[in-house]
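What follows is a group of structures, each given as structure tokens.
Two complexes follow with chain A in common, the first pairing it with chain B and the second with chain C.
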Partner chain A sequence: MKQSLSRTLAAGTILSSLLFTGSAGAQSAGDDLLKMEKNAANVVMPTNSYNNQRYSGLDQINTRNVGKLQVAWTFSTGVLRGHEGGPLVVGDTMYVHTPFPNSVFALDLNHEGRILWKYEPKQDPNVIPVMCCDTVNRGVAYGDGKIFLHQADTTLVALDAKTGAVVWSVKTDDPGKGATGTEAPMVIKDKVYVGVSGGEFGVRGWLAAYAIADGKEVWRAYSEGTDKDLLVDPQKTTALGKPIGADSSLKTWEGDQWKIGGGDTWGWYSYDPQLNLIYYGSGNPSTWNPKQRPGDNKWSMTIFARNPDTGEAKWVYQMTPHDEWDYDGVNEMILADQEMGGRMRQLLVHFDRNGFSYTLDRATGELLVAAKYDPAVNWATKVDMDKSSPNYGRPEVVAKYSTEHTGEDANTQGVCPAALGTKDEQPAAFSPETGLFYVPTNHVCMDYEPFRVSYTAGQPYVGATLSMFPAPGGNNMGNFIAWNARTGKIEWSDPEQFSVWSGALATKGGVVFYGTLEGYLKAVDAKTGKELYKFKTPSGIIGNVMTYEHGGKQYVAVLSGVGGWAGIGLAAGLTDPHAGLGAVGGYAALNNYTSLGGTLTVFALPPS
Partner chain B sequence: MRLQTPANRSSPSHVRTAPISVFCDCAGAPLFCQGTGRLPADLFWRIMKMTPIFLRLAIWIAVLGAWPAFAEDQNDYPTAVRAEYVFACMASNGQTQDALRRCACSIDTIASLLPIESYQKAETVLRMRRSAGGYLGEVFRSSLSNTMVRDLQEAEAEAEIRCF
Partner chain C sequence: MCWPARDGEIPVPAFFFRGQDVRRILHLALAVGLCLSGAAYAVTDGSGDPAAVKSDDGKWADKDGNPTFKVEPDGTVDFYTYVGFTRYSAECLRCHGPDGMGSTYAPALMDSMKHLSYSDFYGTVAGGKKDVSASQELVMPAEGENKNVMCFIDSIYSYLRARADDAVGRGRPEKHAVKPASYEKTEDQCMG
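And now, the complex of A and B:
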């Protein structure tokens, strides 16, 4: 059915897709993915697998031979700026995405990455200034013979995986008010799931499900608002084991501030097929000035577990009530089954921007562990784990680092972590072999001064001035750590000069990979953290490392490209238009040269 | 012909003293390189010719013994790093033989003054300042980041004096 469907689409028209895509055919997409994700040769989703473990069963490249890795081939995306996420591999085809303008390339792995097709949407460049943090995109999803892309301008588009032809496209929100698409969609069964960015513009967050057959919206669940908007059942939906009750969100906002309350959903999604739950987190409440929005601001900064068919929330947990530091809760939820307290538990492990790592029972939402994964974290002493306490599950905030306490137009100094968190969206990995989580982290602190701001649609709604600096006691701004989620302890930590903004990959070969802002792809021993290999790619790495197998050979691939080609750093000063004679012409010449910007570097072992 | 703008502004008195290089300022093959260093290769050979045979052996032993320390002093940058710099420099200063010579001299001077790690740190900071959006770029404007960039700017100022 799937085969014939793809051919139909390749041949054709939207009409034919509407005619031939019965629910049975669409239903098979998710089931296919469940089978396909088990095949380690492929990477069929941007999270590697539904459980977000970012673990590959490939072991041709292992601790003994990883030192011999060589560049097999490279591919230039032709786009500058930050390249987040990573490519997909489905059979003989690799799908590579880029930052704005959000091009998608299909590359033929049988011919060293020859371009099969390219899709480049025409988007209004006015969307660029409303993207808070670079014009990034975290990847495309595959399902039902289609490639799904959520563009910067919030157009969700389905492309024919074979031809790149647009099968359908739908607008999910309004970039005019600051809503943008940056996250990677996820396909489950017959639906594709997307969220939205825009917390710095007061955009109210949502997660929505669209039918993969025709792009029809099936449900949309907001992070804030009425129970109907939230898709919750006040009696059945729980928070830490108790029903959330009626109007759980409305009660925690002043007036109708929730309408511009943020809680955006630009992170990663994970899915448990047995429990039939989709998991994700919501971001910071808007504005960044906490004084301006009294209350807990529910359900910003929250882990959601929803039924993917209906959208109804089974449980929620708010990690940072009434955020005062921009600690978005969007980071990935890693689903792993581990033994705890003498029995196997279905765990959800989440490394939050707020510097705490949370281990929960993913079936019930019970909080099992909440521990700092960087000793520098100081805004809270701990999370209250006493079930009888009225503050159960809440962080114990330190007054000195509370921007609410210090107040408006006053500078709260030395808060750790900084707004970008102990870890941002760059996903961690989990190895079932070692039972450890491998986490790229920031080791950066901040001064934070909130100020009053008024809301205008489409204008920044930030309300705080920040400065950032390395955590006290050292010069390193990042660490790559191995974390035990059962005990809440760091097993080993590799200091990095700069924050690690690249997603990690764990492999059966006992090797863990990540990238650095200097542009190094690094391979370390999963057991000890010992560096086994490093290679300098053409630019800084904020993409996620992935591995696949083709023609019986294992490859490792990563996108580099933050600020483009490495030499541009020097060239920037060199070509300052105000620098003097010759520089202006030079600037144009250099731009031509550096349009080679983002690069996919693919590694393999030399022929033996 | 202009190199790095900030470096142009910094006064030569702030320039750190270069490590003393015995033969010339070119890194990589110090004994054989041509150029305008303090003690060029041809001078070395001239001295060697004037030296009695038994002393020449002693000089060779001394030179080769000092080689590893030398290589370290010279901060041997990968060729790709040097080539990349020359590409950028020529894009700005012209696709000419003259620019090639000056740009090559410039990166060789930088390499003789700055360990590769420091060079890459500064490069990363400059790149991230240019590109990291919004508050993500904030940490690259901290005083630690400024220090990293200053090291490079000082080396570039020295390169400017020697090569341009």
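And now, the complex of A and C:
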């Protein structure tokens, strides 16, 4: 079945001949979006705005009245799998997406969410088991009167936003090899940008730009390979201020391992229209057994800044060279301008899976701050910030927690964070009002044992066993924190029983929202973290909270529907292998708190 | 028709076991239920009595030749079952959850082993399975060509059988037997 699937779907991976020809033609969609994203009534992109701040200028709901919030209406998606991402609101229409089968609903906000149209693709179900960690999808993008969806089977489809009719459809990769679509696309100017999932199947990562008019591939930039494949200029593309030089990726892999080297691009994308740069991160190198792939494995685990017109990389920064723990670098890049050292800086702030928060100058890629955002993080003591050091910008790895050092068929114990990271894909928010970042985090550690694994196309290529347990010193598996990216300090921290796996939302009303795995939507005071409101939705929340205004009234909406990696790792509860005999077995099992099922819950204040 | 069951045993009503092993009764009840639906009869688990009776250089089998576990009174687990834990965690955990306990995504295999025979298990792993209904689509991939699974399928089976029988607890088995002399060679031959 796999083979017939790969034959059918093999088209579409061919590199476009249009590399480096730049963009011409209509710029209307992107220009519209630049205007539309400033209208707080709408949410026209899955990241809320190009800068990924997830901040809303709406303030009807504020710290004084949020305690009175009520459910205004609900909507069942009819799908049981994990619901990541969140809906869009464009004018009078809300667009809601689901996990596999990747349905999209257009709901009429003028008529209490009546269904205007529904799109449900027919996909080969053989794609289901090649999706690592549940059949999630993180949302749709809007632009040029179209809705863009990257389906599980790597079909990128453009739908007429008014009717749901397919305008064009293109295959971006081959699910027969384990490549899948889970991320939310982004529209910039006349192109739509998508990446790929499949780090557990040896899929080589890429970011690609497609013309929104007809779906033609304009450029594709790989995370690993030749300079041509990477779309880098060895002299002009820099890493920490220095040119990366020729064959920067090839030199860091043994033989042609880079061809199955991972570095997938399933996270969020952000864009700075002034600098004209698109930012994103690449994931883990394949396999999880570091002994099997000597070298730095560039450019996995890397922040990329690329020209969205040509794809050419302006700068790169590899956070975790030669990964030994599955610390994907795909988490969102939040673009914020803040004063540092007496002057305004154009910052990029990134909360990495590896437990460090990185603050960089987003114009140049200069590293300004790298600090642990969970005190439990122990795999590295710090990131070397000495510009004259040969290890500048590299983590100082602790031998005891190095799975490379401990070696194959041996168990490296007590590594913090676990492979799911101090934070996974669930995006943080930034409030320009407080100058703070609001970060949903995991507080979980692991034992990790790498071993030899062989590669078969379309089969898992993992090569490590790991067991997870809550970080020492408490029973809470998560925290929701407020972070100062200029000082690298936690301002306040709210402990949560389970990992916080929902995207946060900051608002001008001084309220920050997030969801919990038990299913609570919570509202807290942005200044203090004090809980102001909570409501238990039908299932665990791994979606992102959003807010919009319709008919002069502010609404808050979130998808619930437990699943994803959180649902797999935490469903049965964790046990601590080091607790010793006699310890009460295990911590809270998510199974005892919530069950499957996708629902959108929309909140509003009662009529005054 | 599923009477009598394997080895000439006759299903005995549960009350015959009064005062005896409660788990055995539960399994019997389960077996009777399955019998009605036409599935295989089972006494202790899907492959019958898991007691280890034969060893081929540390690889244990039950009286019917099915792979099984051997746990010493001090808790030492045989090497193959231990390998089963590591390979399960690498290849199966991503869907079926830690320690065979299931997830929001896929069923708990420690429960499935209570009614799946070794050949059922082998067939499903090698050939895959689809359970598509109106409410959800569950798809188990065919692992027949995946050496990382198939070279270790007996170990994974023994491990899950031990979990189903509560012979091995959650997490990594604390103590395991030394690696048998022939193990490395067998693994190398299979992995290529």
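Everything that follows uses one rule, which is that the second predicted complex is superposed on the first by the 548 of 608 C-alpha atoms of A that agree within 3 Å, B and C clash if a C-alpha of one lies under 4 Å from a C-alpha of the other, contacts with A are read in each partner's own complex, and residues count from 1 in each chain.
To be clear about the criterion, a contact is a pair of C-beta atoms (placed from the backbone, for glycine too) under 8 Å apart; a residue touches a chain by one contact, two chains touch by 3 or more.
This one's a predicted model, so the numbers in the text were calculated from it and none came from an experiment.
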Task = In the overlay, answer first, second, both or neither for which of chain B and chain C A:451 touches.
result = second
Task = Could you tell me if A:420 is touching chain B, chain C, both of them or neither one (first, second, both, neither)?
result = first
Inquiry  = On the A-aligned overlay, A:81 touches which partner chain: chain B = first, chain C = second, or both, or neither?
reply    = both
Ask   = Between chain B (first) and chain C (second), which, if any, makes contact with A:411: first, second, both or neither?
value = second
Ask   = If you stack the two complexes on chain A, which partner ends up touching A:607: first (chain B), second (chain C), both, or neither?
value = neither
Key: Partner chain in contact with A:132 - chain B first, chain C second, else both or neither   = both
Ask   = Which holds for A:499: it touches chain B only (first), chain C only (second), both, or neither?
value = first
Ask   = Touch check for A:341: first (chain B), second (chain C), both, or neither?
value = neither
Ask   = Thinking of the overlay built on chain A, is A:466 touched by chain B (first), by chain C (second), by both, or by neither?
value = both
Query = Can you pull the chain A residues that chain B and chain C both touch?
reply = 80-82, 132-134, 200, 466-468, 562-563, 567-569, 571-572, 574-575, 586, 590
Note = Note: in the complex, chain A contacts chain C through residues 1-2, 79-82, 100-101, 125-126, 128-130, 132-134, 200, 288, 411, 447, 449, 451-454, 456, 459-468, 562-563, 567-569, 571-572, 574-575, 577, 585-586, 590, 596
Query = Of all residues in chain B, which touch chain A in the complex?
reply = 1-8, 78, 80, 84-85, 87-89, 91-94, 120-136, 138-139, 141-144, 152
Ask   = Which residues of chain C touch chain A in the complex?
value = 85-87, 89-91, 93-95, 97-99, 101-105, 108, 128, 130, 132, 135-143, 145-149, 169-172, 191-192
Ask   = What residues on chain A touch chain B, complex-wise?
value = 80-82, 131-136, 200, 418-420, 444, 446, 466-470, 475, 477, 497-499, 517-519, 536, 539-540, 562-576, 578-583, 586-587, 589-590, 593
